[in-house]
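Two complexes are shown next, each including chain A; its partner changes from chain B in the first to chain C in the second.
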Partner chain A sequence: MKKKLDQYQKMLMVIIIIYSVFVALKNPQFLKVQTVFDIIKTSSTTMIVAFGLLVVMISGGIDVSFMAIALFGSYTSLYTMIKTGINNLAFAFALSAFIGVCLGLINALLINWLKLPPFIITLGTQNLFHGIMTTFISDKSFGSGVLPTCLHQFGQGTLFKIYTENGSAGLTVSLIPVLIAGILTYLILYKTMLGRGIVAIGNNEESARRAGFNPFIIRLFVYGYSGALAGMMGIVYAAQVNALYPNKMVGDELMIVAAVVIGGTKITGGQGKIFGSVLGVLIIYLLNSTLILIGLSSSWNNLFVGAILVIAVAVTSYQERVKNRNHLIFTE
Partner chain B sequence: MKKRLLSVVLSIAMLSTLFAGCSSKTATEASSQAASTGTASTVSTGSKSADPADYKVVMIVKQSDSWFDDMATGIEQLKKDTGLNVSVQVPEVGDAASQISIMEDLIAQNVDAICVVPNDPAALVPTIEKARKAGIVVVTHEAPGTADNVDLDVEAFANEAFGELFAKNLAKAMGGKGKYAGFVGGLTMETHMAWYKAAVNYIKKNYPDMQNVADEPYEDGNSVEGAHDKALEVLKAYPDIAGFFDCSAQGGGICEALQENGKAKTVKVVSLALPSMSSTYLKNGSMSHGLCWRPADAGYAACYAAYLIASGQGVANGTDLKATGYDNIELKGHIGYGNAPLEFTASNINDYNF
Partner chain C sequence: MDKIKKILGKDLELSILVGITLVVLIAAAAAFGGSMYSGRNIQSMAFQIPEFGFFALAMMLSNMVGGIDLSIIANANTVAIFTAYILNGTWSFGTEGAARVLLAVTAAIITSLAFGVFNGFIIAKTSAPSLIATLGTMTFIQGIGMALTGGSSVGNIDPAFAEFGKAVFLGLPVIFWIFLAASVILGVIISFTGLGRKLYLYGGNPVAARFSAINNEKMSILVFMTTGLLAGMAGLIILSRVNSAKVGYGDSYLLQTMIVCVIGGISPNGGKGKVQGVIIAIILMQVMSSAFTIMSLSPYTKKLIWGIMLIAVLGLNFAVTAYSQHKTLKQSMKNLQGALQK
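For the complex of A and B:
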């Protein structure tokens, strides 16, 4: 991550701090280590796919099929494990991520071949993947009793625990895949030529092509990468809820798109920060998980997220305009 | 050349739709004929004997899952017991549209009775009316709201009684005192809210030492994840909470949250539950009671009721529908209430596999 936070990320931090102080004043129960642990745990799945989506959005694309990919990958690999009796966590992650890569590549191939907006393509494949899974694999739900035991151990696993007079709280193991995904994304975006290519085609595909980047290869990579992270996330999700459903996750994509956009990613591509996305996800989960503490009903959550989303988009576009004027570019 | 090929293809396509249109028209004509002869035959039902084998009853379930698989076994049993010509239709997707198209087919086939567990009761009403106009008996399950449009709606229990069962089991598990919270799938879900209100009222009346932490139920959005996240919050906001009840079948999420916080032994959970999804929690003690009703028995009772009505024997107060818990139907308007709640604990959970 960059050493200096930009203006925009500072603004997000301020929002988080002000809101936290407000909640803490309303209900001191908020000021506990457990709060941090809970938010880390509940936001871990979203975090993983947000990194994948960030990379796709920086490249100028969008992916709304990643939840279907996560479901397809995790359901298929866990279903295989239930049927064959394999009980190995690494196998689950590997198979699910592999399926994710394959489905992501299908997205990239379709986008490249049909030359249609990625939104339409991935909206289609979202339904397509989900349909293929429920039609040809299975559409049954599986309870914790039949799931591989390694999964539950992972879902309930903690890095360390603190004990209080009132039960215990632990830092979830799910933090490890989140960190892996975050560091990997950082290395790819900032330390490789591929990362420069991703930003380049997001800014202007034609210029990138002339500079010697191959948009097709880059596109294959970003959608495959998004698929791989989605596959991993599916396993983390199934481990946390300790059950396997054929119809969960799909439908929650836009909340993650919102988180990434709140994090300062430009929807037209070419710009986006990892730490910004982390803050975006944190804001959404912070709002979501404190309503009971301050005694508001769940409908307030939508109101807050909606308001912050609109403000975030307005601020990014305003900053863009100011920057453009400073560089004497007049677009409007 | 290409254009010519295209025009040929297009005209073939147009021709074929024309033919398709004709053939479908003849099909509807045939079906309307069938329907009209159908009315005639039901008018003469009186002369038809009461032999169950003469009656064709079809059950349309919501979708394919373990719940309705169990319902199908109950209906299979009914076929064996009585010889009734009964079968099950499973829509490919769980929505009203696919149930409507199956119903349309059955109306065309002129069956004697249709039983349906509607995905969206109100959306089915026009088709139900069409079927009844064609002389077909329609029996629903889990649709008390549209009971006036059908011959009979079979319910496993009165909602108040089931709600009180949540309260009784929770009070017993908590020893009659302490703070508790209630969850529903969503504030707009009629049955969940009816159970929630009945439970809260019962506790208020009979267990003055128990306090509900909120005036309204928390929403888990019918997802385990939702139940888990909300439970974590409630645990933080009310560290001294001693019990939860969940009117949607997601109590497992609450149990997971309790296990994470090392509170599974001290905080009690009573939840609507499917045996297959909750056996682990009942066995490890994090869930003290699961509540439910048996889909096999409900399917059995609904189809048997459909046969009784179609054969002119009718269903009245106290009619025995031959299934456990439905042996003494309480008829209110068009709704027949059984008394068939199913309670699971760690000791009997292995007897059920739906």
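For the complex of A and C:
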């Protein structure tokens, strides 16, 4: 991903660096390797779904059902594994991703059929998926004792360890799915005709249609892809928490939407960068885990995230508006 | 017969809605009998409708201009927290009794208007999509409440204010009368004034509205200001009913308000819908939630039912629109053929 950074991403980088220096000056604890690795570990699950959401948002849609999909996929596949005694990590990922694709396709079909704002439709399916799972499959929690052992190993696994005087710090294995998802998203968006089609229907669906893209197929792919990544994320999350709950994750969607928007993605579609989303997720998790270090309680988290989001949205929309007005384009 | 058909056909969606509501009301009577329509249950429903109703009216207004306001619930909770702090004496500035209640209500109205104007200002002046702008303000407003309270609930409020939530006038709760008055005022403004016409035009096609001498920016600030005020009213009602305020109360209302708007015939794309439809939908929703309470369904099952309902109603609306368009097209083709044969 050696692309030239644009102005906006540079600004985000500067904000992250200034904030980190500020935290480090205030509390030297921050400079430990352990802290950095912890932030990477907790943000890794979010990163995976953020890539899926990024693709959806570039195509001009939005998806708030992905957390329900992640829960549905991971819960169902792990439940099956507990009941049948299968102990295979690849099986868990494959089944969960497959369920994710199916649910994502349902979203795409509904959006294409009803021609209504995707936000409302996916808000409906979010509740629908969660309701179906808890009503028809099971709504019990499972502790670490009954979960497959491969999951436990995956959650605790480290790529390498760094030994310091106060113990060791390991980089989590969860980074591998993040890297795979990131590279895959990059290849799809920039190296395939499909990816160009995603950007095209995000900019202007009618023009894209006339240029020979099929919006229906693209939409199926986009929501299916988001669903697949959500399914994978569910397994990574369950492995990190090392337990299976029927009510976790759902409800955190809007925070991830916020992260992707802070990363410079246009909600009306056609614009968005992978690295920007990574920075957006990092900013949110940096705030999340360092507010305590600078002497504020974690209750202040929403205030800062909200302020950053409002400013990011206002700045990007205002630039767009000035550009449009100069070309006498009126969108509202 | 033709006359009835004409009246029904004039507003097909509203007629269908009234029909469905009647069916649900009768079905509820058949299934639960006395426990559903006892005086006590009707009164408890009348106590529950206003807080949800104000949210629904706020969501309706923002949907009518083709936007959405996600910040209503955060707004209501934070306003309730401010008010609770004044009412329990933390920020009362030495006022007592009636003066303190007056100060609290004034502060609530001012803060809710301020939140609304903040939304409207961002949406109008930077052309930000309302979905994402209000997502930001929602997180921000929630953050204010969270930073003030640290997540715990603020209680111990002036008992005089709590009485207001329990007061009954002519057999119905006072808060219900307030809700009724607010919806009548809103309905009259939307249906019978020039402002209402402008609202429909702006919602239906904002670009056309801009070039028809409608001040889009003023309209959008006005709409989101009103939305904020309605949300603040809901916050006051919640405070007077629950006697405490806390971040995160009523998070599930967001989906329910959306369902009510869609059932009530408000198009999420803007420019369509009436207050009457939403009021009927609110009653339908309240009867259903009452029935769920009597059946003691789990929250998960409720979630499933609300999800199915939203998708099903959207699908039904789509089918009805397609059907009526098809019919109009057929009719005009017939007329055309008739004219050609002559």
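Just so it is clear, the second predicted complex is superposed on the first by the 319 of 332 C-alpha atoms of A that agree within 3 Å, B and C clash if a C-alpha of one lies under 4 Å from a C-alpha of the other, contacts with A are read in each partner's own complex, and residues count from 1 in each chain.
By our rule, a residue touches a chain if its C-beta (ideal position, glycine included) is under 8 Å from a C-beta of that chain, and two chains touch if they have at least 3 such contacts.
Everything quoted here is computed from the prediction, not taken from an experiment.
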item: First (chain B), second (chain C), both or neither touched by A:L254; value: second
item: Partner chain in contact with A:L110 - chain B first, chain C second, else both or neither; value: second
item: Partner chain(s) touched by A:S317 [first = chain B, second = chain C, both, neither]; value: second
item: Partner with the higher number of touched chain A residues, chain C or chain B; value: C
item: Contacts of A:P28 with chain B and chain C, given as first, second, both or neither; value: neither
item: Touched partner set for A:L303, first chain B, second chain C, both or neither; value: second
item: Set intersection of chain A contacts, chain C complex versus chain B complex; value: 139, 297
item: Complex interface listing, chain A residues touching chain B; value: 27, 29-30, 32, 34-35, 38, 41-42, 139-145, 155-156, 163, 166-170, 237, 240-243, 245, 248, 288-293, 297-298
item: List of chain A residues in touch with chain C within their complex; value: 62, 110, 113-117, 119-121, 123-132, 134-135, 139, 246, 251, 254-255, 257-258, 261, 267-268, 297, 299-307, 309-310, 312-314, 317-318, 320-321, 324, 330-332
item: Partner chain A, residues of chain B touching it in the complex; value: 64-66, 216, 218-219, 223-225, 228-230, 232-237, 239-240, 252-253, 256, 259-263, 266, 274, 276-281
item: Residue ranges of chain C in contact with chain A within the complex; value: 68, 70, 122, 125-129, 131-133, 135-144, 146-147, 149-151, 206-207, 210, 216, 251, 254-255, 258, 262, 268-269, 298, 300-308, 310-311, 314-315, 318
